[in-house]
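Right after this note come the structures.
Shared between the two complexes below is chain A, which pairs with chain B and chain C, respectively.
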Partner chain A sequence: MWPAPKTRREMLGGCLGLLGTQACGQGREQTGKPATAGQSAGPSRVVVAREPALRSGGSADSKRLAALLDRAMQAFFGVDKPVEAWRRVVRPGQVVGLKVNCLAGKGASTHPILAEIICERLQEAGIRARDILIWDRLSDDLESAGFRIATGRDRIRVMGNDLLGYEDELTTWGSAGSLLAKALTQISDAVINLPVLKDHGIVGVTLALKNLFGAVHNPNKYHPNAGDPYVADVYMLPPIRRKVRLAICDAIDGQYEGGPSYMPQWSWPFNGLLVARDPVALDRTGWQIIEEERARRGMKPLREVGREPRWIRTAARHGIGADDPNRIERIEV
Partner chain B sequence: MRRKIASPGVLLAVLVACRPAAFDPFPSGAEAAGWTKSRTRTFEASELWRYLNGDADRYLAAGIERTLTADYRHPQGAEAVVDVHVMSNGEAARRILESESAAGSQAIGVGEQGRSYGLSVIFRRERCLVRLTAYEDTAVARAALMELARAVDARLQRRRP
Partner chain C sequence: MGETLDRRTFLKAASTLPCLNALAADEARYIVEARYWEKLPYRRIKCTLCPRECVIDDRERGYCGVRENRGGVYYTLVYSRVCAANIDPIEKKPFFHVLPGTLSFSIATAGCNVNCKMCQNWDISQVRPEQVRSIYMPPREVAALARQNRCATISYTYTEPVIFYEYMVDTAEAARAAGVGNVVVTGGYVTSEPLEELSKRVDAVKVDLKAFSQKFYREVVNGELKPVLQTLVTLRKLGTWTEIVYLVVPTLNDGDQELRQLARWVKTELGPDVPLHFTRFHPQYLLKNLPVTPVKTLERAKAIADAEGLHYVYLGNVPGHPAENTWCPKCRRLLIEREGFFIRGLHLKQGRCPGCRQAIPGIWGRS
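Let's turn to the complex of A and B:
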């Protein structure tokens, strides 16, 4: 059973009731620290921010989306201004990589407008435009999702690993052995993970942990046994653990069946964002949201169709984060 | 009498002219109610994961030779993607189609078997499995997508892979 999610009011009240620097848990983490939420004693916070009136003419309205992102970030970090939240994630001088998910093209990929708003917020927090890189596996994928490739060094860059390259040496952990993308290893000091809320025909769901498949040269090797333990093992590769600071799941639209390709008949407007430092807690929460939608539509749970994402539990066992609902503080704003 | 021997250039031209045309299942604007084609790509089975990573496995398991994909734009603003999966045989195409949930769809008279979900159309014609996906939910987009599906099907009946 899942504990009842907290509202922002309850969460803020709880924070105000605590004194000292540990108030609001992860909200008081130091600037630029790698995500280690699963190893901390307190619960892993996941903010689920929703805005029913997010859309204008079918697509997300940029001002409302910006307001939703600000609300989510402030709630997650327990601060009054968005810039304060962003300063807890990155610091000026760092090169920040935004790992988007564009495999499915337009419709089931990270929305370019969300990436654009995050770039604005990063710049407000002191990151130079030229120190921001939006990246994914292939430039073709980025273009299919609506991004425009930009390689100039004096502005925000948008490039795929096909242009940026991979390391020559394998990095290994457990069952994973891959060449890592230079976008992760050499270019970015900090990575913000921007997955989408989506079903996956083999591994059950694809959210924060699996989005890092886009940082390795051989993701096609990691789908046997419904992705277990591969999804968890890939995330254990040291540069991934060290550099990914935050996950913001683009849940403007969700897909509860037929993924990872875009299937409009199995998509629904969730009108939200999920924010967490702990990718395991985010994936556990996102999985629950997808299961709830499947149940609403009369579909069987993923476990019954042989696609339970057991790798989430494996990731928790690896110490990446928390998958126990009692150790996840879900805050709805 | 002096015999005329064709030059190598002429022979090459004749050979090229006699070669079967490359399989192109994508209709032009004139064939498809104004839809204009932009980017087209082809992925052989061994490289399919580059296009459908995670989704490629079920096509590989069923037996696929290659996937051709094209982006389309309609004059009234709608955008669509057409994927033509060339399977090893008709049974493989049928298997993929029937493995997907039909809930919320309606049968259509396109291909040998087909369904429309509104913004998504899937049908099979011989060993080709075709999926069309539109991105804007408007009545115009839904109607235009069906026109595009019929145009692809008409092509597949004239040009086989």
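Let's turn to the complex of A and C:
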């Protein structure tokens, strides 16, 4: 039987996925270019995947979450099988870092179950367990979010920068000057960014771009002026641009006010995931989702409370990605 | 690149893990409740120690990186957590009118409430306490060590002592009880109430005035000029001996107009007797693209300040330059000869010029 003819969207999706594969395959040393889609690469795709029946007894059901992740990845890469999607992100033999976001403890951090499912998919794509590292700034933060610290060399490792350390030499770009985490510079060949969908009391929102604050030794220096241009400048640090391959935003729960700490009164079940290669497009989309929820709850937009995340625009100007909604292809699945 | 953990890193991590509980206990001794903060709703706090007034969520730290909100209570993480301790000549601070030729027991913890692009100690000032090696040195031990090593003073220096305020204040009290003086080397970015409390316990303050323009403070220092000027005025009102250092950075804060405005402001607001040190910049940290300050630029700065009527204008980081010396403003007699951080001749007689008996302001002996 002949395969059904592809729609234009499917064709484009396949092409974008292929481009992604090539960028990934060029390797870290050769390109020095962003692994994420830049402004010149056409529309930036963001998949917003939701599953109303995601939960079982209040928390995410692992099978349904795995199915949701598969659906999101297949839609993003335009492929039929999850493993094909993952092979476009990583290659066997690479060491893959999963940068989670655990500052807020349970409730407003990357869910361990999501990281676990991603680890399974990575292994199905040929990545050895010993070549997977789940990392964040502090081991304490990881533990408070429900991860168990693991340092054994023969299995998936879970460690904070406090154990793994930072480089001795500064890396600089624009307003940013930092010692980078060895988890990023020395251990990982490819990084998958796993932020959460939430409000931030100083910089407006914290999503894909800001999650890389966990890769520098001095994030406290980057919050003035509502994070602008610091969030964008930190993301421009060359090892971050080279190595971050994909962002999967944990939007099982969202928080529209009171972040980055967990505030259950301002949390809502979004029951979803956001997937993108372009962190600017992902952040622009996530910000929009948060604003929509704020509006539903009768709250003022972030701009009116002095917390508009202007650094998203700055990141677009830096060429990291697209913040113009007309240049973002939002796919709901 | 691409490899798994190297052996050294792995062993370090592995050896650390069993010790986590011990480390936690070790950490606990550095953590005490901070002073100068306010509770806000939802376990947030506002730090009021410095003009930045950081609003901090639970489990987050302020801009300084050493003060943390834990469950709605604000803590300093650097009490007795010393990352640098040295015995220095007091001229190194530099204080030129405070006990010349004496030693100062000099300490710092990690952290700073600004982020100067030309910071010479960024590897301790721009890191978090857990990212740098430290030793436990409680206040009474510092005082005892200072005394034991014949230091006339303890200097709170190298990073920004405002951020280890609680430790500094307690150490200053312990030092006084032990007959040791206290001097502070600061950027002056502090609010008035803690400053007034601090000034009761210390003998002298050296303020790094980084520039005389808000633009420089915003773009190079990541701070504000106005609160620093306010600190200088407050210190003057309180009668705390103050000296000013102005690091002259080529092209960024070395214009004639800016230097003249600075000198005029010092004379008008603080008086002509406040020592003003113009020091030489060396490229480092985030300002590596600029040259070392030419000596001629420093001499120009001094000429401008002299012409505006300041009595004690010095040059720093130019060992052997005649402008390291103290001269009588009345009869131009040489009073203190210096070479770098060392005293080559001390000709003052009970704080006066031996020639014309002009009183020279400063702290010349322990009362």
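Points worth noting:
By definition in this document, the second predicted complex is superposed on the first by the 295 of 333 C-alpha atoms of A that agree within 3 Å, B and C clash if a C-alpha of one lies under 4 Å from a C-alpha of the other, contacts with A are read in each partner's own complex, and residues count from 1 in each chain.
Rule of thumb we're sticking to: a residue touches a chain if its C-beta (ideal position, glycine included) is under 8 Å from a C-beta of that chain, and two chains touch if they have at least 3 such contacts.
Here the structure is a predicted model, which means the values were calculated and not measured.
Partners chain B and chain C clash in the overlay (superposition on chain A). Shared-chain residue A:Thr151: touches chain C; no touch with chain B. In the superposed pair of complexes, A:Trp86 makes contact with neither chain B nor chain C. Touch criterion not met for A:Tyr256: it reaches neither chain B nor chain C. Comparing chain C and chain B on the residues of chain A they touch gives the larger count to C.
Look at A:Gly165: by the touch rule set out above, it reaches chain C but stays clear of chain B.
In the superposition on chain A, contact is made by A:Arg130 with chain C only, not with chain B. Residue contacts after overlaying the shared chain place A:Tyr235 against neither chain B nor chain C.
Once the two complexes are laid over each other on the shared chain, residue contacts for A:Asp189 go to chain C alone; chain B is not touched. By the touch criterion stated above, A:Ile202 is placed in contact with chain B and with chain C alike.
Of the two partner chains placed around the shared chain by superposition, chain B is the only one that A:Gly107 touches, whereas chain C remains out of contact.
Note on the chain A alignment: of 3-11, 21-29 or 39-47, the part of chain C that runs into chain B is 39-47. Residues 103, 105, 201-202, 220, 223, 258-261, 263 of chain A contact both chain B in one complex and chain C in the other.
Put simply, chain C touches chain A in their complex at residues 1-6, 9-10, 12-14, 16-17, 20, 42-44, 55, 57-65, 115, 117, 126-128, 130-131, 222, 285-286.
Of all residues in chain B, those touching chain A in their complex are 41, 49-50, 52-58, 71, 79, 81, 100-101, 103-105, 117-120, 133-137. Those residues of chain A that touch chain B in the complex are listed here as 58, 103, 105-107, 137-138, 140, 144, 200-203, 206, 213, 219-220, 223, 257-266, 297-299.
Residue ranges on chain A touching chain C, taken from their complex, read 28-29, 94-95, 103-105, 130-131, 139, 141, 149, 151, 153, 157, 159, 162-166, 170, 172, 177, 179, 182, 186-187, 189, 201-202, 217-218, 220-221, 223-224, 258-261, 263.
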